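The structures considered in this document are given below.
You will see two complexes here that share subunit A, one where it goes with subunit B and one where it goes with subunit C.
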Partner chain A sequence: MNIWNRYKKKMQRNKKKDQDASNENENSIDKNLSVNINKLKQDLGDSSDLVIRHFEMGGEPLVEIAAVYMSGLVDEKNVNEFVSGALNVEASIEKRAQEYRGVNSFDFIKAHAHSVEKVTVVSEWDKLLLAVLSGYTVILVDGYEEAISGDTQGGETRGVTEPSTQLVIRGPKVAFTESLGTNISLVRRYLKSPDLRFETMQVGSISKTDVAVMYMKGIASEKVLREIKKRLTKIEVEDIIDSGYIEQYIQDASFTLFPTIYNSERPDAIVGNLMEGRIAIIVDGTPFVLVAPALFIQFFHTPSDYYQNFVISSFLRLLRVISFTISLLTPSLYIALTTFHPQMIPTPLLISFAAQQEGVPFPLFMEVLIMEFTFEIIREAGLRMPRAVGQAVSIVGGLVLGQAAVQAGIVSATTIIVVALTGIASFAFPSYNMGVAPRILRFSLMIIAGSFGLYGVLMALFILIAHMSSLRSFGTPYLSPFAPFIWSDIKDSIIRQPLWSMITRPRLISQQNVQRQEKGQKPAPPDAVDSNSNKEKGD
Partner chain B sequence: MKQRILFIGLFSALILLAGCWDQNELEDIALVMGMGIDKTEDGLYDVSFQIVNPAQVSGGEMSQTSKGTAVTTYRETGQTLFETIRKISKEVPRKLNFSHMVVLIIGESLAEDDGLFEVMDFTERFYGFRSTAIVLISKGGPAQPILSILNPMEKIPAMKIQEASKKTAEVWGETTDQNINDVIQTLTTKSGGVSLSGIALLGDMQEGQNSSINEQAVPSTYIKLSGLAILQNGKLKGWLEDTEARGVSWVKNKIRKTVVTSTCEEEEDEGMIAVEVRNANTKLKPTINEGKRKITVNIKSEGTLQEVTCPLDLTDPQVIIDLNKQLAKVIEEEVSTTVKTVQEQETDILGFGEAMNQRYPKEWKKMKEEWPTTFSEMDVEINVDFFIRGTGLRTKPLILEKK
Partner chain C sequence: MEKAKVSGWQLFVLMLLFELGTAIVINPGLDAKKDAWLAVLLGMIIGLLLFVVYFALYRLYPDLSLIGYGKKILGKYAGMSLGILYLFYFLYIAIRDLRDFGELLTASTYIYTPIFVINTIMILSVAFVLWHGIEVLARTGEFFFVILMLVGVVGTSLVLFSGQIDINQLRPILENGWMPIISTLPATTTFPFGEIIVFTMLLPYLNHPRLCLKAGLSAMSISGVLLTWVVAMDIAVLGIYVASRSAFPLLSAIGLIDMAGLFQRLDVAVVLTLIIGGFFKIAIFFYAALISATELFHVKKYTSLIFPLSIIVLLSSMSVASNSVDHIKKGVELVPFHIHLPLQVGVPIILLAIALIRRRMKSH
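Take a look at the complex of A and B:
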């Protein structure tokens, strides 16, 4: 223990020393422009996409100026505008000379540099480097220890397209892109409210990824917001490539198959969640936006549930929950019932099972396990295959493995039906990362069913539910509104009530500004409304 | 840490202390659908098992490929019933599974000589049985041949017997559809009378065992539910036939639907009417008046006319009222013959004792010892009300058009 502590202390001291040294030597901009340029070249490894444009300005003496940017990250048009604006090239030489007189060159440039957004004065070297690497253009003036940077970000990005993972029949057909700015604007367009706030921070010591925390002020819970920000600032990694990184660093429990943070690439889904008091985390470079706190039942909702008739929405939600259960339990129940409890299967069905099982060389458990495993292989292969080969996979997977295996008498047709049903059911609920849970648990349940029968399956389910109710997502019980049971939140859980009857926001998400709409908005035919208002008048 | 150890301990107890379960692959079990119990002349049990050949029964590609019988009946003898179940492994290559057994047939001679008590003890004690199997008595012979007869429509003969028994109880009312549980319960009541449906084999047994029987449009050999066995103290005492058997259902309030026919009243033409009884309710009312025991059977029933071959004007309310009385009389006669026959047998299968017990518990304690004789000497009054609720889809009988 002592040795370890001493070692740690020593390391810390060394680290501090290094930092101090670097601060003294490197973290300032030199007065000499060519020194700065050389340093920049050296720091960036003389990278070929680093562009340095030299200018001269003023009368006597001429001032040397350099504009620095990375060619792939900027919009060339913006750079030109920024630089020419800053140097005021369009004005006549006389006028420029006139204006220039009496003012120093740095202040002159600063005063004219307003053709792009976010023009700032940079005085530290690492900030300058970061600006250049983020697609800013930095103007360095000889003889000054400061530089001027302007946002000229651009370069190739993907346009706004239809969502590829969460398709809906009816509803907006927009998805987030990889650009943080675009994503924020997509949300802003839905909520024209000054209460829509976002706070940006940089995560990743090398990647310096922009991460925006978005919320509705006055609706979102301050406590959860603080907690999210705390967890985000705690992250100390080198790079953040996708929001999946953030999710893994800030989620409540790591050793669980159930996702405790929701993600979506649909702006309308994020807006809906923001209005319920949840908090969104947008990460630059990925179209998948995180939402917390997330509940179990939330992963069975789709945005289009709110756009169509509430009866069909409720039915579909029920269907998704049932298909979750099917995909989790069917193979294990099949094994348990046929090999342990044949008395629980209706006689004609059992006879049919028995007839198919006749001559199959494997024990039923092995048979199901092999087929389930095969299905997972086909699924994974289909996902990674180039699109052109995809058809071959489905033919080989579907026809050859399925039909031929039955005809050859290696597996029984019932097993194929069970595996197919399980497979189809696992695609029926909208969230891919919720699909992970039944996919893995299915196998363990099968093993339990094969060794302990229905009793074992029930035991496993018991443990599973205990585990799920122990989960929290930023303090919110994962199984709410069922455990703890909250009657008022059942309206938007496994069912969806009509929109006009959903008066309050989910109770455990945020206690602020609970009522979201006025009561009594149930639509009625005009006659009824008229007679009502007449009555009121009469009274 | 302590909690975790406690949890693991308790949890392993949950797994290790669980009740009976066992894993068996489907191809390792033989599904017994029906079981027949007879006794040989040496006093050994002669047990036959009807076992399904799944591949022959199930639909799909498999059944068409091979020809064979849907069931096979195996037979084994032994001093005890359980012994035969295990001994049969010499013949049957699989483990017998009784969880889907639907009928238990008890040979007539076994029921007559030994009674049901010994057999029923085993059916309840043995863990493999399901108490929902219906119990029948083979009529006019042992149980074994009945289980060995093949059947065209319902491929598994035992299922045929079960379905026939259910359907008859539903639309005709002659059978009682009693399962192992019911039989044990009625056996243990003091009045002691049990009625069980009978099943008989008609035709040649050898022919019925061959699968070619299924290729005949008119089967030469078949099994049929027939009659009602009367058992006193578990022993077979006699049989009730046809409408006599239905009379029992009338008294026991077991009629769900049945058909009552009657000739036309005071008409020269020989016509008949048939009504379907749709609703019947029977109440037993025991009375003790100055030591004289009496049971009043009140039957209220209603139904619809389904067939009329008499020249009757059905639009006339008076005709319907007359018909009501006439049909009530038919039912009354049916019930009273049954009651008389049963009283002659000195066996209370009608539940009179139970009714007496409920109404006069104190007196019952005194009379239960000599109940069979009391029962046979008792006064029974039968009141029947019948109402025709509809005349079918036609009002005027077609026979009136003939003239």
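Take a look at the complex of A and C:
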């Protein structure tokens, strides 16, 4: 066994050595055009979407030229402009010949290739391959060891549409798309400032996914920015398909149910976060943009909280936090109260509970557990079904499992109400990935409540709160501004103060450029303003 | 010592939770009969003076804990033995509080649950929280402080509005003169106010040392006033005869609430406060014992001691007394006079005196 392994390793080493050696030869562009073309065809496996267009240029001697691109990844119009501009086909032959005399053809093409963006000279073979595979058009000239590449990226992408996961009543109806360039432009349109910076890097050894780190210079914390970039460069994987990959590689703690990085598909949410000093990570190929550092309470905010009256927003935020608590605690409290502390329930209600429980074959704990589990199944089943089948799921779930189960005397009606309340409450807060935590914790809390009553639930809450307050998102305590308590940040947490009174940025996110607006912008009727100014004059 | 920082507000919250802890349920000073509330108030004032003594020691050695400056003041060997004494003191009080807590819970709501199970769950949660460090304990405290205050406000207003309070139960004030009050003073001073000595172990973590006195005095006076109010309320609701015979007067007082048939038998809410308070009391004593041991025996990380010490605390809490009556008897007769008084009052004052004399001699 050992010998075999050693042999295998040796073989692999030799193979690698061979590859390295050949790579050194291969990593340069040959002088001969046809050799290059053949190598390209060979490297891409004679792929059918590889387009090679041959040209000839100049009078005596003729220079052979080839333009190479992948058909699905480019904008054909751009390619034509690039190629024809570069080769200057429109110019008259004599002029071309005149101009051509004395200058080498490569420089001539380069000088004329300005009809598209990002025209560069490529001299390494793997860069050439990457350029072709990224949707660039590469012009190879016979007799030269360099090539010219131009950005002709295009092809089919999804247009900008309305957000599908984070709906608001009032506010911009734009969502990010899968294209990095579009996403950056969507953010830029909101912030016409030179301080909006982004740094792009490539992650994934095979996929070479573009990842952009976006921040407001002078507002975002340099420390967090450095940390994010450090963690991003540390990632060594083959492919990044979604921003979820990045999130899992750079988050502070893996073994937690609570998300420590915020994500959104709404540009306005990202802009608001950037202006608070947070840092956005945009990944090519996904409409969900990551934001760090994230706080627990942030997952209960929606962009529209800032667009409407602050009283309504505060009420809604409070409502969301309460519904989070309901979805986490209702079943376990129900179990604990009815089985351990029935004296706490008002007598008429207790009698009604007892009457319903009569004839039900399971203990209450089992009953609630089964129904909660059934609810989770219905929820998961309804999520990914085609719309036509989805209705059937809801009928079966609602009618058969709900009403019929009660009528058959298998579960009590109160249990159904408790389960339904839990379910509805779990839909009432805006973030899907925050919803995961109560869904799973609910079950363990139910088991604890069934074994130890309220005391067990409270002890579990102690552990839960301690766990949450031990979490950090890029150095920021997760439960702030509540624990540690920061009075100045309460203004935009579970409540939202009027916009004119939120003078400073959140303190723990960034200490740079703290004041975001001038004081004294409270709107007032004109006569009140007059009397104030008079008073000031009098003073 | 771990690398951690606690803010002034967090210290205040921890102290308040610690002071209210179990005292809000087991009312101290009921031996003074109708004037129990006065005994608590006076105990608080003496407690404040004690805290000034601890604070003076802290001012002299702002980077050191009680164990640390004990060694500095008394020298290596005497300081070491004093440190071990305090280690056992903190450990013993943690054990006693755990037993207290278990007794209360089994007597009030969990009649059929073995006390061992209740204590195990408690020590497990305490160990989990302390494993994350003092910062997490402080943040958890901030969270539950709000819950405790909400329960308190709701409970008190329900008592007020349900019309159970009869102010005449408290009259006449000073019926038997000052003597009963003075004789209960040692008990009310040491429990819960003198127990604040445990915070001498935590003060070096404070991020702004100038906030120490403010946080300590305000936490002690607010908790003292709250305790005075609760004791007075219990007597006013129950009458002194029921209150002094009841094991948990607050439980009985809250149990009398009946509003519109909807809010009734809220004694579980009291148990809730007991659990929250008991948790922090045990946690803080246990933490103090942990860092005393790490400092004394030069252990690298206090987390490595959590598991063995929690086993010790758990098993000792079972064997510290043969039964509930024995436990309470020890708590009333033995602990305040033979343990609390010398360690909370005597030793710190002597330490301060020696430190001050030494300083003066040095400067001359």
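We take it that the second predicted complex is superposed on the first by the 511 of 539 C-alpha atoms of A that agree within 3 Å, B and C clash if a C-alpha of one lies under 4 Å from a C-alpha of the other, contacts with A are read in each partner's own complex, and residues count from 1 in each chain.
By our rule, a contact is a pair of C-beta atoms (placed from the backbone, for glycine too) under 8 Å apart; a residue touches a chain by one contact, two chains touch by 3 or more.
The model shown is predicted, which means the values in this text are computed figures rather than measured ones.
Student: Kindly say whether there is room for both subunit B and subunit C on subunit A in the superposition, answering fit or clash.
Tutor: Overlaying the two structures gives a clash between subunit B and subunit C.
Student: Return first, second, both or neither, reflecting whether A:Gly456 touches subunit B, subunit C, both chains, or no partner chain.
Tutor: Touch partners of A:Gly456: subunit B and subunit C.
Student: Applying the touch criterion given at the start, work out whether A:Pro484 contacts subunit B, subunit C, both or neither, answering first, second, both or neither.
Tutor: Only subunit C; A:Pro484 stays clear of subunit B.
Student: Between subunit B (first) and subunit C (second), which, if any, makes contact with A:Ala354: first, second, both or neither?
Tutor: The first partner, subunit B, only.
Student: Going by the contact rule set out at the top, does A:Val138 touch subunit B (first), subunit C (second), both, or neither?
Tutor: neither
Student: Mind working out whether A:Ile326 is in touch with subunit B, subunit C, both or neither, as first, second, both or neither?
Tutor: Neither subunit B nor subunit C is touched by A:Ile326.
Student: Applying the touch criterion given at the start, work out whether A:Ala466 contacts subunit B, subunit C, both or neither, answering first, second, both or neither.
Tutor: So A:Ala466 only meets subunit C here.
Student: Figure out whether A:Phe340 sits in contact with subunit B (first) or subunit C (second), or with both, or with neither.
Tutor: It touches subunit B and subunit C both.
Student: Is A:Val79 touching anything from subunit B or subunit C once the two structures are fitted on A? First, second, both or neither.
Tutor: After superposing on A, A:Val79 lies clear of both subunit B and subunit C.
Student: Just name the clashing stretch of subunit B against subunit C, choosing from 5-13, 149-157 or 329-337.
Tutor: 5-13
Student: Where on subunit A do the contacts with subunit B and the contacts with subunit C coincide?
Tutor: Overlap of subunit B and subunit C footprints on subunit A: residues 340-341, 343, 347-348, 452-453, 455-456, 459.
Student: For the complex, which residues does subunit B have touching subunit A?
Tutor: Residues 11, 14-15, 18, 21-27, 29, 31, 33, 52, 54-55, 57-60, 62-63, 97, 99-100, 102, 130, 156, 159.
Student: For subunit A, which residues count as touching subunit C in their complex?
Tutor: Contact set of subunit A toward subunit C: 340-341, 343-344, 346-348, 452-456, 458-459, 462-463, 465-467, 469-470, 477, 479, 482-485.
Student: Which of the residues in subunit A end up touching subunit B in this complex?
Tutor: Where subunit A meets subunit B, its residues are 338-343, 347-348, 350-360, 363-364, 413, 450, 452-453, 455-456, 459.
Student: How about subunit C: which of its residues touch subunit A in the complex?
Tutor: Going by the criterion above, the answer is residues 7, 9-10, 105, 109-110, 113, 117-118, 121-122, 124-125, 128-129, 132-133, 135-144, 146, 261-262, 264-268, 271-272, 275-276, 279.
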